[in-house]
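Presented sequentially are two complexes of chain A, the first with chain B as partner and the second with chain C.
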Partner chain A sequence: MKKLFSSYEAIVFLAIVILGAIITAVNPNFLSLENILDLLKSYSFVGILAIGVLFVLVSGGIDISFTATATVAMYVMAVIVNNYGGNMFTAFLIASVVGALLGMFNALLLHYFKIHSIIITIATLNIYYGLLTVFSGGKWIYSLPVWFREFAQLRVFTISNPTGGEYGLSIITVIWLALLLMAWIILRFTLIGRGIYALGGNPVSAKRVGFNILQLQLFVYGFMGWLAGIAGVVLTLLVQSVAPNSIVGKELDVLAAVVLGGASLIGGVGTLGGTVLGVLLIATMNNGMTLMRIPAFWYDVFIGLIIVISVSASAIQYKKKKSQKIAIEVE
Partner chain B sequence: MAKILSLKNVTKNYVGVCALNAVDFKVEAGEIHCLVGENGSGKSTLIKIISGVVRPDSGADIEIGGERFHEFNAIDAIHQGIEVIYQDLSLFPNLTVAENIALSKTIASGQKFINWGDIRKIAQKAMDKISANLPLECLIDEISLADQQLVAICRALTHDVKLVIMDEPTTALTRVEVDSLFKVVKDLQSNGIATMFVSHKLDEVLEIAESVSILRDGVKVGTFASQDLDDDKLIFLMTGKKLEHVRFGGKGQTDIKLLEVKNLAKKCNFIDINFTLHPGEIIGITGLLGSGRTELAQALFGLNPAESGEIWLEGELIQAANVQGAMKLGIGYVPENRLVQGLAMPQSVNKNTIITILGKLAKRFGLINRKEKNNCVEYWIDQLSIKVPSAESPVQTLSGGNQQRVVLAKWIATQPKVLILDGPTIGIDVAAKGAIHEIVRDLAADGVGIIIISDELGEVYYNCNRIFVMHKGRFIAKYDTEKTPENKIRNFIGQIG
Partner chain C sequence: MKRALSDNLILVLVLLGIIALMAGLNGVQFFSARNFQSMAFQMPELGILAMAMMITMLTAGINLSIIASANLTSIVIALLLSHFLGSQMSEAGSPGIVLLAIATGLLVSLLIGMLNGFLVSILEVSPILATLGTMILVKGVAIVLTKGYVISGFPPLIIYLGNGSLFGIPMPMVIFALCAVLLTIVLSQTCFGESIYMLGSNETASHYSGINNRKILMKTYLISGLLSGIAAIVMMSRFNSAKADYGESYLLMTVLAAVLGGTSAAGGFGKVSGLVVALLILQVVSNGLNLLRVNNFLTIAIWGFILILVMVVNYLSKEYQKMRWRA
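Entry: the complex of A and B
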């Protein structure tokens, strides 16, 4: 267990367990397999974005523009498959290419103008989203191909509930899990993955030991963009419509989940395990509020409180560690 | 012995400035070679040329490993087995020891995937070369600075290295750690690996080096066998001046108590601290890094308030609970790390100098009279002979010695009664050191009580009336410098190290 979770992750895990227990006490439906599988399905969108945000944070940067990237990617995808036809594979392909290109554009700006990523990506958020609004006129897309609707219904296994409805492990959750596995392999077993940690830990040294910084940043922001594209398709599968204004503004929720999972805003620190826990904590809380009939307005307040608590907890931990380091043994 | 490195006629001009002028430089295989010189003498330029980061002007003759190079770049240097360990060590705080050691080698081998078994093997092999025993799974953040240095050395050893260049490796190490570093350097030597050692600390240079090359103003003064040199000769060759040690002659007004500290203590910082400082007196506190000396200084200045005990200033009990209060009472503190704590580096000399006296300069509505401000800054630039092109120059463009003078200026300008100087000459070359000491002595002559904290015994011995030796948070010895020979104190400190 200790190997599996660092102490911080164990705390987040504990928080989920406690929160889950409270919710279950009020409404036992929370712990039902149906509810949990449903949560895993609906939070796949946030979960996929969180993977990309983790990569960017670990590399020592930040990305605000990914919601605009996802929106552009899903809109372009929807327009193309509606007009020219296609299948699920082409849908993902189109969104991937659009997302990755927009992400890599961030990396290029970052590398050549040497401006902090928060400024760059706030700018590109507005550019991407602005251009989309200009060209789409803000119109929603409600009609999608039949195969699109059918794909969203796919399940690995299906169970019937007593009232006759069906549920199971959705293909959408499987996509999230597959991406998690892929990201884990990249971070743990590839030179690029270790380079991302090195870059976040000490950028000057990363250059000195021979990493190609531009290449690393193109990968990090391109990967974030690519995941945003996939997440865009996943969202479209979930809601079966494309709304240009539905997710821009939600960047901070995803960032919050990743930071809750222990990733450092200074770079170099963060794990996939923590990120998943961060997403699950937010999912639990949100779902719990619904099940306990707490007005949704409170959601933002709770998220804010949780972030304050978790961030100050890790700051206190850091301070403690530091003071231990300089402590002098007074005899 | 075979030469692994031979430079002839190396010249490097930067716009308008000649950094190196027709320098010849040789390193033999397995040799321990020190490079010394004052700030700005061309040491770093020479290192950069050897590591291929900077190209010399045409006419230079570079021969490495028996091969002549017309153009020599950083990749060539690595291929020829030249590794630089920078002062900042260039480690990754968030990665494990094993990964820090092995990463550079892994990149060089062109692998795209990481095999954690290999990483550990590479790290172990490098550690075996210098019989080091580091915790491979620990993060760099979790190990001591001395161990971090070993990690950096091990990383260099993962390549087929022939020459290791260490830039100021001992600055932050304790005496014991320096000794074990020297043992490692000797180990490298027995493996046929040469070390080029760059340092400000001359006694260490003489202890470890076989030969010493001296640079002054971009010209090589010569290369000497270390047994032919001593401290004074080395200083003369570096500066062109004979440096005479004159002990501080001021006596202080011992009948008046300026600052009195009674039983000051703070958990995990210091304990049982008692001393009295008189006007015009300089006292020294010496001790190793981590002895509590800086924590004590910060306690007097209100940065790190003590938990118990009393501080009396001019007969009144004071509460040094915060910096603003301490400043108002007339206590000044020049921190150990002037880069981080003492100066706003990108700001002008002007702004840095007056920052402590903004309140005094402010007139009606809190506005500052520009003319008065400029007069004030000019006065201090003149008083401390700070060499600046203009008062508007950013502090980061000045040399170390001049930066330190700006820090002093900003505190002296507050007209303190007590001035605490923490490592006042760290990283400053010999000539500039003398000038700083001169300023401090003048202040004392004006009746300021001064506390110098330094791990250089010579500095406190020659500039102070009394010395306190600090160890594990306590004063364990106290000496009157007038009555005690320097050697006696040195031997005592050597024993506790």
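Entry: the complex of A and C
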């Protein structure tokens, strides 16, 4: 347990606990199982994207094209499923393939032309999003197959609340948790995972140790794209419609969540535990404002303040650590 | 020096090629005085914002908060005006009050720049994260101040700054040209400018050669903030309104313009002249495509392609030079 949470993550955890306590004091509904399960369901989309962003940040890069990737993947998925039929498995498969390919395109440009990853992904964001909107005519897709709606309502367990409504652990949350487990295993126990940390920590030494940089980058950006594809399907499950313009523009919000969780843009640093905490902090914040009836226009001020404070705190901590000793931090 | 020249040469050739292409596709319409006039009104706001972005990129940083600061600046100016002038805001208003409001707005933009500078230089937060935080924070403050509403209808003096002309030259263009000339002088003629490039190429080396890195970074973000404040005045005048989320699509465009103009995201390289040519390219492309009635989103995609193309060409030409140098 001690190893799972570094001191920074403990602070984020503490922040969530304190915030949760304040919200509960104002509105006890916050701690109800129904609210928490609901929160975990609606933040699965951000949570899944955050895993991918963490991988990219750890490898020393940055990706902001993932919202466009997710949009393209979910749109292609919806069109194919609507026209040719299929099932949940093919839906995920289509989105996965589209997402992974678009992600890997970033890696190829990055590797062969040595372009800064923020520039590449700004360019591909515009290309993917622009072309999708042109080809789709910006039209929303409202009608989705029946099985698509049925899958979204699946629950691992169901509880009835006093007013007669039902809630439970949604299959969507389970998808997020499964992906988290998978990502944890990759980062912690596989050569690829160690390679990603090595690449982010010092690309030159990673190469000298014998890691294949191209393969690592293809994996990292492909994985990000794959997760974006999955997240696209998850969002479609959540809202039961596909809008070409619903998520592009939110890429910095996801980045903010991962950064709140302690990942840094220096590369080689960042843990899944922290990322989950970052997403949970934002979820708590957002939900708490609704429950405490704080006008929504205060939201950005609070999130902005939290980000400024947290990046300052971790920068100060990093400076202290650097002056004490040089250490490579891994999960 | 030679490298900068050859980089700009490629850009100028691209510009000429694109002008020829657009002229060929659009015919006389493209060369009409009205068309050039409309381009001259559109380019400056993006151009000034792009300079605000570029100067931070020279130090290997970035400033994501420029659009948010511009919006907050114009909102502060608008709120002050409506406070002092009341319902007659759009009619007259003494120049004193208008100038005071503008000065206060610019002060706000400087304060935001100072906050960024503090985070980046003193606390050593990475610029993307620091300005990501201030972007959201500043936008939040703007939303709280306006509750998300639009403030519109400004005094003639403000309207003149974005829509009037001076000796036939559109005012926004005059402001843009002034900023560009001043920034060129600062970057190429002053010790501070030289330090920016040195800091951007190698932070450690510049530290050991006696440059006060912190001071340079702080000044850089202050200038960046001020430029976004100036852009704010042009924007609020052209839209005749102020709102918390105007111009958000400009953010990526400013990075695009800077990179297209030869500014390296890794810091240390980039000139205002390159940026200006890049802005002209972007403007001609978007204007030409607009005349052809090309879908706006296709234009966005084309910008993405151009960005990648330019980066690839730059990379290949550098590799080619390296090869020749070896031979």
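Everything that follows uses one rule, which is that the second predicted complex is superposed on the first by the 320 of 331 C-alpha atoms of A that agree within 3 Å, B and C clash if a C-alpha of one lies under 4 Å from a C-alpha of the other, contacts with A are read in each partner's own complex, and residues count from 1 in each chain.
Note that a residue touches a chain if its C-beta (ideal position, glycine included) is under 8 Å from a C-beta of that chain, and two chains touch if they have at least 3 such contacts.
Values in this document were obtained by computation on a predicted structure and should not be read as measured data.
Contacts of A:G268 after superposition: chain B is touched, whereas chain C is not reached. Applying the stated contact rule after C-alpha superposition, one finds that A:L39 touches neither chain B nor chain C. After superposition on the shared chain, chain A has more residues touched by C, the comparison being chain B against chain C.
By the touch criterion defined above, A:A315 reaches chain C but does not reach chain B. Applying the stated contact rule after C-alpha superposition, one finds that A:V209 touches chain B and leaves chain C untouched. By the touch criterion defined above, A:L125 reaches chain C but does not reach chain B. Using the contact criterion defined above for the overlaid structures, shared-chain residue A:G201 touches chain B, although it does not reach chain C. Contacts of A:V97 after superposition on the shared chain: neither chain B nor chain C is touched.
Of the two partner chains placed by superposition, only chain B is touched by A:L191; chain C is not. By the touch rule above, chain C contacts chain A in their complex via residues 62, 64, 119, 123-126, 128-130, 132-141, 143-144, 147-148, 248, 252, 255-256, 259, 265-266, 295, 297-305, 307-308, 311-312, 315-316. Touching chain A in their complex are the following residues of chain B: 86, 88, 90-95, 99, 103-104, 106-108, 111-114, 267-271, 290-292, 295, 472-474. By the touch criterion given at the top, residues 188-194, 197-198, 200-202, 204-206, 208-211, 268-269, 323, 326-331 of chain A touch chain B in their complex.
Per the touch definition, chain A reaches chain C in the complex via residues 62, 109, 113-116, 118-120, 122-127, 129-131, 133-134, 138, 249, 252, 255-256, 259, 264-266, 295, 297-305, 307-308, 311-312, 315-316, 318-319.
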